[in-house]
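Have a look at these structures, which come just after this line.
Next, two complexes with chain A in common: one pairs it with chain B, the other with chain C.
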Partner chain A sequence: MTPVSSKLYADDVSLLMVLIDTNPYFWSSMNNNTSFTFSKFLSHVLAFLNSILLLNQMNQVVVIASGYNSCDYVFDSSTSSMQRAECLLEKLEDFVDKDESLSREESVDGVGFSLLSGSLSMALCYIQRVFRSGPLHPQPRILCLHGSPDGPGQYVAVMNSIFSAQRSMVPIDSCAIGSQHSAFLQQASYITGGVYLKPQVSDGLFQYLSTVFATDLHSRGFLQLPRPVGVDFRASCFCHKNTIDMGYICSVCLSIFCKHHKKCSTCGSNFGEARKQDPSASDQRR
Partner chain B sequence: MADGGKVVKRAKYKSSVKVPGVPGVLKMTRERFYFMPNDPTLTTKLNVEFKLIKGHKFSKEGSSKQALLNLTQDQGGNYLFEFDSFPDRDQCRDFVASAIAACGEVGKATSEKPAVPHDEQLSATEMGRRIKLLQENSELQKLHRQLVIGGTLSEAEFWAARKKLLEQTENKKPKQRVALKNDMWSVKPLSDGQTNRVTFNLTPEVIHQIFAEKPAVRQAYLNFVPGKMSEKEFWTKYSRAEYLHSTKNIVAAFAEASEDEELAVFLKQDAMLASEARKKIRRVDPTLDMEADEGDDYMHLPDHGLPQVETKEILEPQYEPFKRSFSQYLNQHAAVVLRGRVIDVELGDTRSVAEAFTRTNQAELANDVSDENAYRERINKVTRVAEIEDLQGPRDPPVALLSIKDPRDYFDSQQANAMKALGDAETGIRQLKFSVSKEEAFCSLKDSISEINSQGLIEPIISPEVALKVFNGLSQNISSTKYHLGKNPHESVLDQLPSATKNELLLHWTSIQELLKHFWSSYPITTKYFYTKVTRLKDAMSQIYPKLQEMKESVQSDMRHQVSLLVQPMLQALDAAFAHYDADVQKRSAKSGERPNGFV
Partner chain C sequence: MPQVKIVARNFMDMVASLPTMKLDMLYDNSFICEAILRSLPPLAKKYVLQLLYIDKPISAKTMEEWVLPDGFSKHKVAIDRLIQLRVMTETYDRKKEATYQLNPKFQFNLQKHIVHGGVLPREPMPSNITVRLPSLEELEAYAAEQWECFLLHLISSSEAGKTTNMSSSMMKIFQRGLLSQRDDREPSRLTESGFQFLLMDTNAQLWYIIREYITNAEERGVDSADLIAFLLELSFHVTGKAYNINTLTDLQRSIIRDLSDLGLVKLQQGRKEGWFIPTKLATNLSISLADTTSRKQGFIVIETNFRLYAYSTSKLHCEILRLFARVEYQLPNLIVGAINKESFHVLSAVVIWMCGLQIISFLQQNAHPRVAERIPSVPENVTDQIRLWESDLNRVEMMPAHLYDEFPSKDVFEAACDFAREYGAFLWEDSKRMRLIVKADILNEMKEFLRRQKQ
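Moving on to the complex of A and B:
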């Protein structure tokens, strides 16, 4: 990193962590179904990154690729050797090669999932390093450009990342470029105070990016950005996936059920002994 | 011609000071006064209650002046009497004063009776307080006007729920109980210097203090007086003992005590106090390390740094019981003062004071006996605190390891929810039917990268038409989210309604809350009174109900949704009350055969 001590970071200097989805299966499906290809996506994103760097001389952009098997930093504007877009593309190609070599299965059912949890963690680690670099640092934020469906296996890891981002006051902006909404990113943005957006017109991605996500955190206070209608915080039960207002909670793992069970299906805890004396002893009502 | 109950005097009734007046007889009783003119044909008979009399004035005594008494009436009129002599007038005046005072007290007593929920008679101050509250709080005034003047609630009911408000405005001070005097009764004998007489002043207050601080003296008093010696002898002896102490001549004290065994009682150390002190020490928290506190002592001086008043000479053991330490006395005095007045006896009677003290002491002793259990508890505590860790086995809390089989469960429940919230359940559920081999997928990705590497960015990145479309979409989206009201705590739905509707809503809301409060507090219905009250409240609420509906329909269509959202909880609350009322009525009618006197 360049020496920061001489720099005077104003409140509108940003550190933008961009997570791009490089799940090959997702992009193949996009190739087949829509006219929005990875190269189009890349050119929109590169233009956007350039405009971010032009907005303020001290703005910093870091790009992390979330692949199918791994994730890695592919661009860092503060590193002098990687100043140009060609470097990004070069690094990206290397990354895809590596990602392919790590892959064991010959084909994947559906489009698979990209490693969102891993790239989110890397972004947060980078931000933590910037926080520790000194009292003056750019205002960090994370932008997820994500298209693959949410991976159920990553749920806990992603939620943990979201909460740690919330703790360090890093907003997670998210732009769902695929055909479906992402519950992960919607929650991430809601919890961390970022913006969640699903573009209606894929070809206008650059316009969406520059209109909604280009502004720094300070200026956001003055803008009316698209806000979610609100997240339904009601839980759905683990047994029937129904949204419920009131139900039973496992006192051990906090799984939610709409009916009383003898045993928790998630963690295997036995209910029932205390129930003879007091119906609400072992599993409390919400 | 006067006794305790009434006064009869010759007097003239005058309409003003100047006129000669009507001669007659003035008769006063506790409740009222009568005036009978000497000439029975005159119509100036009077029969007035003292309740109506507010005050009285009288002329100053002097040779040239008339002896006048002027009784002022509540409504402004007054009665002027001229007496034959000043003593006559003074007697009447004193009687009038006490009669007026008595009437006033009776009036106050009736108004301060606990508020039976009927229209009680209010004192003027109470009324004033309520009026002041209403004036200060316009919302309360509105509610008061609607409910009380509208006849739904009685005045008393309305205020019964607001006793706190009333009490806050009241700044009455509670009557203070006088504590014990804090100064120590150090016996400063008054000697006149010439003769050898030494005088002690003993007041009932001082005796009270002595009894409280020195149980041995109290015991001695109960034993000796009046059988062995008179009260005076007793106190003389006590004073002598105190004098001996004040001279600090222990040897002399010992000599005197060996001659007079009664005197010895006062001179020896108080055995009762000593045993009490031992008991107290036993009651100290066992975990308190008194040894450790010694370091905090004032400069490690003995007697806690108090100036040494005692002679340092070494005493023979026989004198030991006659030694007294100042700090002991100080501690005992402090304990007594802090305990405050434990007995409730007139101080005049020395014997009853002494007996009362003994009684309270015995009560305390009885408590101590029941403290057996507390002692055992203390022992337990000691063993618990002074536990030797090395000898204890490992004491891990019983832990069940959390094993979550599949985090997918968490995800699925969240996912279903989020998709529902976003309103595209179809796309969320729909699985993309798609299959591609690994090589194919990665190759196409790499192709895309090399494509952009060779061709550069697309020129132009975005066509103006698409950009315009995006702009329109975004601004529409943003402006539409503005109408998702109620999600943002900073903007309230109420503020967007016309002010008339807003005020009406607020008023309805407060009055419904008030009515519901009274309604629910009347349950369970135990008396006829509650029954009528509940019926009354229910009728009032059912009148509000159609008004709410009406208001919902009267507002403009774009506001109607918001208003109905606001009105909904009110209607629900009312519905719940009505349902409860109906259920209760049914229950009562079913039960009424068995229990005719209205108990639920």
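Moving on to the complex of A and C:
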């Protein structure tokens, strides 16, 4: 499959990768607390996709669903021509069924996490393929519509995706639709030069999307966009996946640990004896 | 007031220059709204989207707050464009502050589009009626062939006066301004704009032709707004699908027939019904009409020794190159030639005022991908030399003039000089020997003036 057949591009042509959170546990918790349901969310997103495709005939939109157990492409505007909504909903339904069948164990405590790292990597893979398709390609960007809490277990994978996006100059925009801020997404947008926004009123999601996230990369140079207020830079430790303020860092590979270890579990280098209660030895604040 | 000058450089400028009434009527058609939106500058598109669900007027001050100081000029251009196309209307409130509001029709149509997604202008015909539809490749080849045929016709009729298989009445219109014919016996020659036309890319050429077609339509008594509406609608049809010709009005049917000559649509006749199949040229219409920032795969390599290699099998390319280069030999997929002063001068004889910049930009636009990576893609010495040759040609300018001498007195001479200057026809004077050269245009006026001086 070739992503785009003809190559005629103005500077505002964009390839938008939209990652939507389909974590059922998150949405059921939203159902209980607010009136903002998944179907409402989808109608806002569909309108947004339509508007992106309306802005430029060369614009391309790819939607990736990040579920609880898996993630998958659910829509690609370069392959399906008309009846976008039907096409997307059908695929999304299939995806949700498959995602559900994958989850066997019943014991999910709390809201659970959605597979952000997986969908981010999928988006980046897609973008890499577009980059390699030829010298002329649309300007890619990633938009995360994410509500589930951050999964500390995905910390390393998410950070790697963020740095690879930074290297390939792909901004990650993020819109936190849940009740809490997301440290992962704050960092992602901060590092890649994207926009992080947590809408105050979720019922007006479309207006937020069209005002902030519809801005193509070319126009971002001239417009006032939300700037990061405070970014939560806290890291997760590699050993217990806890979010920590203070910890130990391997001086060779920069792996983070919450406790002192004798040997780095990532690169295998041997640590010396750390003197207790001495912050200058090998621990660092991040 | 809008600061963007209306020069009908592209389709949307033409739309913008339509009278208010007609423009508002155009917005009844949702496809036009869509095409207009896509033609806007990026920032303007953004504003429309942002204002789409806002029903109240927005003050100019609020909008100015959206932009960074750097982007203020872009903001101004965007706003002016929106007002010019009547997408947005400007009103002044009681405090004399400017407020903007979207055109309600435009707003409604786009809202509909965003909620329901795009719809097709008309349903394609079921495949059991249309038996043998051409494949996309065939269709593209057909369009390219038709278009090339049209361009070749331009060149060949200017050289040999050959006729091609195209219907000639429409051709006349399309070729108006590109070819000039001094009298019937002489074959028509390529004009300066005709030459420039050949060097443009396909989209720009298409636009030029469509513009001619629209201006001509007005002379034939066809409403240009209807024509524009249909052309834009056509661009939203799906390439390669068949559409029943009976769904069109009489006017649209005649337009379709004209456009099929150019390869924008392919007409086919079934047992009972006829149908038309839009080609890529037609569906690109709204793109090309908006902006011409498109690029095609190049094929020309030019070396510092002025040799030119063109990897092309197209007869048209060969003919175009022949216009300004000496083609030495031709292999099945390669044309080898050289640019030199002689070939350049031959060209200047054919085309009265030709432009070296045109040739350079043609070479740059069509640079082979291998060379296109280099900067500059055309070697500097070649571009410099082309400019020099051009200025060489323009060094001497000839114009008919008359020499006046033997003036009776210094006063008469001075008065005659001033008179000529007033008309802007003064060329040269020699005050010592009282001789004066004046352009031939005002010979009669000069005669009259001198006669009066004598009395």
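Some observations on this one:
Everything below uses one rule, namely that the second predicted complex is superposed on the first by the 219 of 286 C-alpha atoms of A that agree within 3 Å, B and C clash if a C-alpha of one lies under 4 Å from a C-alpha of the other, contacts with A are read in each partner's own complex, and residues count from 1 in each chain.
In this section, a contact is a pair of C-beta atoms (placed from the backbone, for glycine too) under 8 Å apart; a residue touches a chain by one contact, two chains touch by 3 or more.
Keep in mind that what you see is a predicted model, and the values were worked out from it rather than measured.
When the two complexes are overlaid on their common chain A, residue A:215 makes contact with chain C while staying clear of chain B. Looking at the shared chain after the overlay, A:28 reaches chain B, while chain C stays out of its contact range. In the superposed model, A:79 lies in contact with neither chain B nor chain C.
In the superposition on chain A, contact of A:136 is made with chain C only, not with chain B. In the superposition on chain A, contact is made by A:103 with chain B only, not with chain C. More residues of chain A are in touch with B than with the other of chain B and chain C. Looking at the shared chain after the overlay, A:47 reaches both chain B and chain C. In the superposition on chain A, no contact is made by A:168 with either chain B or chain C.
Legend: residue contacts after superposition of the two complexes on their common chain; A:200 is shown touching chain B, with no touch to chain C. Of the two partner chains, chain C is the only one touched by A:55; chain B is not.
Looking at chain A, you'll find residues 46-47, 206-207, 211, 224 touch chain B in one structure and chain C in the other. Residue ranges of chain C in contact with chain A, taken from their complex: 34, 37-38, 42-43, 45-46, 49-50, 52-53, 65-68, 70-71, 74-75, 110, 113-120, 238, 280, 286-287, 291, 293-295, 369.
Of all the residues in chain A, the ones that touch chain B in their complex are 22, 24-25, 27-29, 31-32, 37-40, 42-44, 46-47, 86, 89-90, 92-93, 96-97, 99-100, 103, 105-111, 150, 152-153, 155-156, 179-181, 183, 186-187, 199-201, 203-204, 206-208, 211-212, 224-227, 229-232, 234-238, 241, 243, 252-253, 255-256, 265-269. Across the complex, chain C is touched by residues 6-12, 46-47, 50-51, 53-57, 81-85, 135-136, 206-207, 210-211, 214-216, 218-219, 221-224 of chain A.
Looking at the complex, you find that chain B touches chain A at residues 400, 402-422, 424, 427-428, 431-432, 434-438, 440-442, 444-446, 448-453, 457-458, 461-463, 466-467, 469-471, 473-474, 477-478, 481-482, 484, 487.
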